[in-house]
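Labels run A, B and C following the written order; every chain starts at residue 1.
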Amino acid sequence: MFSVKNVVKRFGGLIAVDHVSFEIQKGGIFGIIGPNGAGKTTLFNLIMGNLALDEGEIRFHDQIISGKKTHEIAALGIGRTFQMVKPFGGLTVEQNVLMGALPKHNTFQEARKVARQIMDLLELTPYQDEIAQTLPVGLKKKLELARALATQPQLLFLDEVMGGLHPREVQDMIEVIRYLNREQNMTICMIEHVMSAVMALCDRILVLQQGRKLAEGTVEEVTRNPEVIQAYLGGEFKDVTLA
Amino acid sequence: MMQRLVNSKGKRNGLVGILLLLVLPLLFQDQAFILDTMILMALWGFVACSWNIVGGYGGLLSLGHAAFFGIGAYTSTILFVDYWVSPWIGMIVGALLAGLFGLFIGIVTLRLHGPFFSLCTIAVTEVLMIIAINWQEVTHGSAGIPVPYRPGFINMVFDNRVTYFYLALGLLAIVYFLSLWLNRSHFGYYLVGLRENEQAALALGINGVKVRLIAMTISSALTAVGGTFYAQYVGIVEPFHEFSFHLSAQIALMAIIGGIGTAGGPIFGAILITLLGTLLRATLGGAHGGIQALVYGLLLVIVVLFIPQGIVPWFKQVVAKRKKGVVHV
Amino acid sequence: MDIFLQLLISGILLGGVYVLVSIGLTLVFGVMKIVNFAHGDFLMLGMFGAFFLYQLFGLNPYLSLLIVTPALFILGLIIYKTIVGRTISRPHVVQIFSFIGLSVAFQNMALVLFSADFRSINHPVSTKVIHMGPIHISFPSFIAFIVAGIITILLFIFLYYTYTGKAIRAAAQDRFAATLMGVSIQKIYALTFGIGIGILGIAGSLMVPIYSVYPTVGEQFVLIAFVVVVLGGLGSLPGAVVGGLLIGLIETMSSYFIAPSMKQLVYFCVFILILILRPNGLFGKEGAAEEALE
């Protein structure tokens, strides 16, 4: 359904993403992990057209989307959340979610209906009249997700939605993502540092390190991969010096 | 149910207000001073609302709306004086020209945000002023152009000020309803979304470039209409006024003091500032013209520092809090 | 050839004045990430200060500098405490329009107090000319240039070799890291703003023998200052120096080769082009324009 082929992104002399390829199957939950600075968020920005890629191509269904503008890519049915949350700060929670629903619906009535359902799902309804910038981090993360969901994407990219959440909230979020995947047939690709969430949700994982693909496979395959173990457990320091 | 109640009450108040506005000038028919103030209130309300589309809803803080105002004033006046084209047609031509110019400015400033956008709009206006002063064959140079006093509908020159008032009120109504529409339309929401967070808005599938350019075009074209009206009413266009930074700042500050990004705020701001100007001029006399501007400069500082949302939204919040408080007690 | 040399020298001398007028603007932006839209009006106050010290007490403008500069420095501190300090990290509308309001208030206060008349001093210094072969150099412009050079060098020394100066630069690079290092941001900002405005006291005193003073004189110069600092890169001190000299040259050359009335047109067009094509300026660091957004 979605594929990234030999994508390269350079910033000056630095190669942020180095010939990365992977495919996401319809209906799956695809995880991307890797240490800070591995190029995960850059990859998302390349996919969404926030950055122009230097080489390679990105396809969604049978369409090449690399080179398209962000809003065009979004309109095709690809949603995303931002690691650093970007709420419409001065608007209410409801208006934030509604904004996500508006581009796909011709009337406010329909859009509002979608927004309500999503706020209910994420338990944001009690906060619907709060101004977004006054919310605590946990709720801002939820709002970020709610707004992306309101676009009713086929494919959703989540950039560390678990970050900064309490264990209890992480559990809730895992359930929400599972629900979206199973009941709403949403294909999901998530960057995540919270490994318990990755283990619980992802059917395939891509491990990035310093812009390069280190490993890819099922959870078992990846966790058994010696290089990944090296990089993740105790190998980190060695790695830094190697660079 | 609540919604409907509020709405019908709002509508009734609106209707009463409109009726009052229609009758009011008839009461002051002979008092040129009061009528003059009312006309200017409506005109500046109209222009401030036009600015508000880009500056308030869109968050692009233009400090160059005098450029569009001036294009409107100059286009209709030059066409009228040199080619005997009716200012009504001149007004439309001016709006088209200013709209195109606004579109152009919008395109070249697409990457600019915050103070950089403001700076660019200032510079563009300065360039127009220099052109207006130096391109004498067309603009008549630094002396400006007087609009000949030949009353008649076709010439958009009236011997009765009440007509001007109704005209300005009509313009104000148009832009007010446009603002109300923005509050509840896809386009208005997108504009606000782009203001609040551009990247997030784009990721939702909102076409930022298109929305921004449409807003620039509409806002510029409307501002030009205000320019034509002003030229016809005052009877002269002058480069040092029409293209001045002072005018740009005044347009923006009315909207900001009243409440940016709201339909009624800029109108209130225009009424307040115009009234303040008139009152101060009346009490202090013409010799101290600077005092009114001094006062509204300070007022602007106080408003943006302490009630940056503007007076109208602030007042609403205070009232809402009061009401809440009463219920609790 | 003589005429070219003459233009070159006049342009560079004029550029010196522009550097002096602009350097505080770029310093304040570099450190605090705010654009002082009222910058020119502080200059106007400085010029009026020097003018009245001469008019009322017969004080040589080059001496009045010693009074006007600290006075403006203190005014800068007061304005920072009362207004500017409250706008840090707030939305653009607050940052931009508090200065616009201040600018309108200053201009009209001057209008009320001093009237709209153009005033200039009648000191022999004003018209003195130095002859060097075929080249004529205006004495007050020459002095202004020399002092501008000295002040700029002193400012660099201050910023690069003193503890306080280093703290200012640290705050400019990373507000939060500087706070962690124990730098009091509020104090640094107040000081920076005071210095930025204080320099205008020097500029104002030096300019009184050259230019007339009137309430809106700042408008003319603030626009030039914007052109200079955007050309050089907002926030870059070396950029302001190069930008100032360049604009001085562009102005002198274009008023000779095109037309005096067209000189502004030329540099505004340069300004717009730079903003559009290279908003970080010639020397600005990558992303300076974006940084201002946050």
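Structure notes:
Here is the rule we use: a residue touches a chain if its C-beta (ideal position, glycine included) is under 8 Å from a C-beta of that chain, and two chains touch if they have at least 3 such contacts.
In UniProt terms the chains read A = Branched-chain amino acid transport system ATP-binding protein; B, C = Branched-chain amino acid transport system permease protein.
Note that the coordinates shown come from a computational prediction; the quantities given were computed from them, not determined experimentally.
Of all the chains shown, the one with its CA centroid nearest the global CA centroid is B. By number of C-beta pairs in contact, B-C leads over the other of A-B and B-C.
Per-chain CA centroids place subunit A at a distance of 47 Å from subunit C. Distance from the subunit A centre to the subunit B centre is 43 Å, each centre being the mean of its Cα atoms. In this assembly, the C-alpha centroid of subunit B lies 32 Å from the C-alpha centroid of subunit C. Counting only residues that touch two or more partner chains, subunit A has none. Of all residues in subunit C, those touching subunit B in their complex are 34-35, 37, 83, 86-87, 90-98, 100-112, 215, 219, 223, 226-227, 230, 261-262, 264-265, 268-269, 271-272, 275-276, 279, 289-290, 292-293. Every residue of subunit B that touches subunit C in the complex is listed here, in rising order: 59, 61, 63, 108-109, 111-116, 118-120, 122-124, 126-127, 130-131, 133-134, 245-246, 249, 252-253, 256, 260, 288-294, 296-302, 304-305, 308.
Interface of subunit A with subunit B (complex): residues 48, 50, 69-71, 74-75, 79-80, 82, 86-91, 95, 98-100, 102-104, 108, 147-148, 150-151. In the complex of the two chains, the subunit B residues touching subunit A come out as 184, 186, 189-190, 192-193, 196-197, 199-208.
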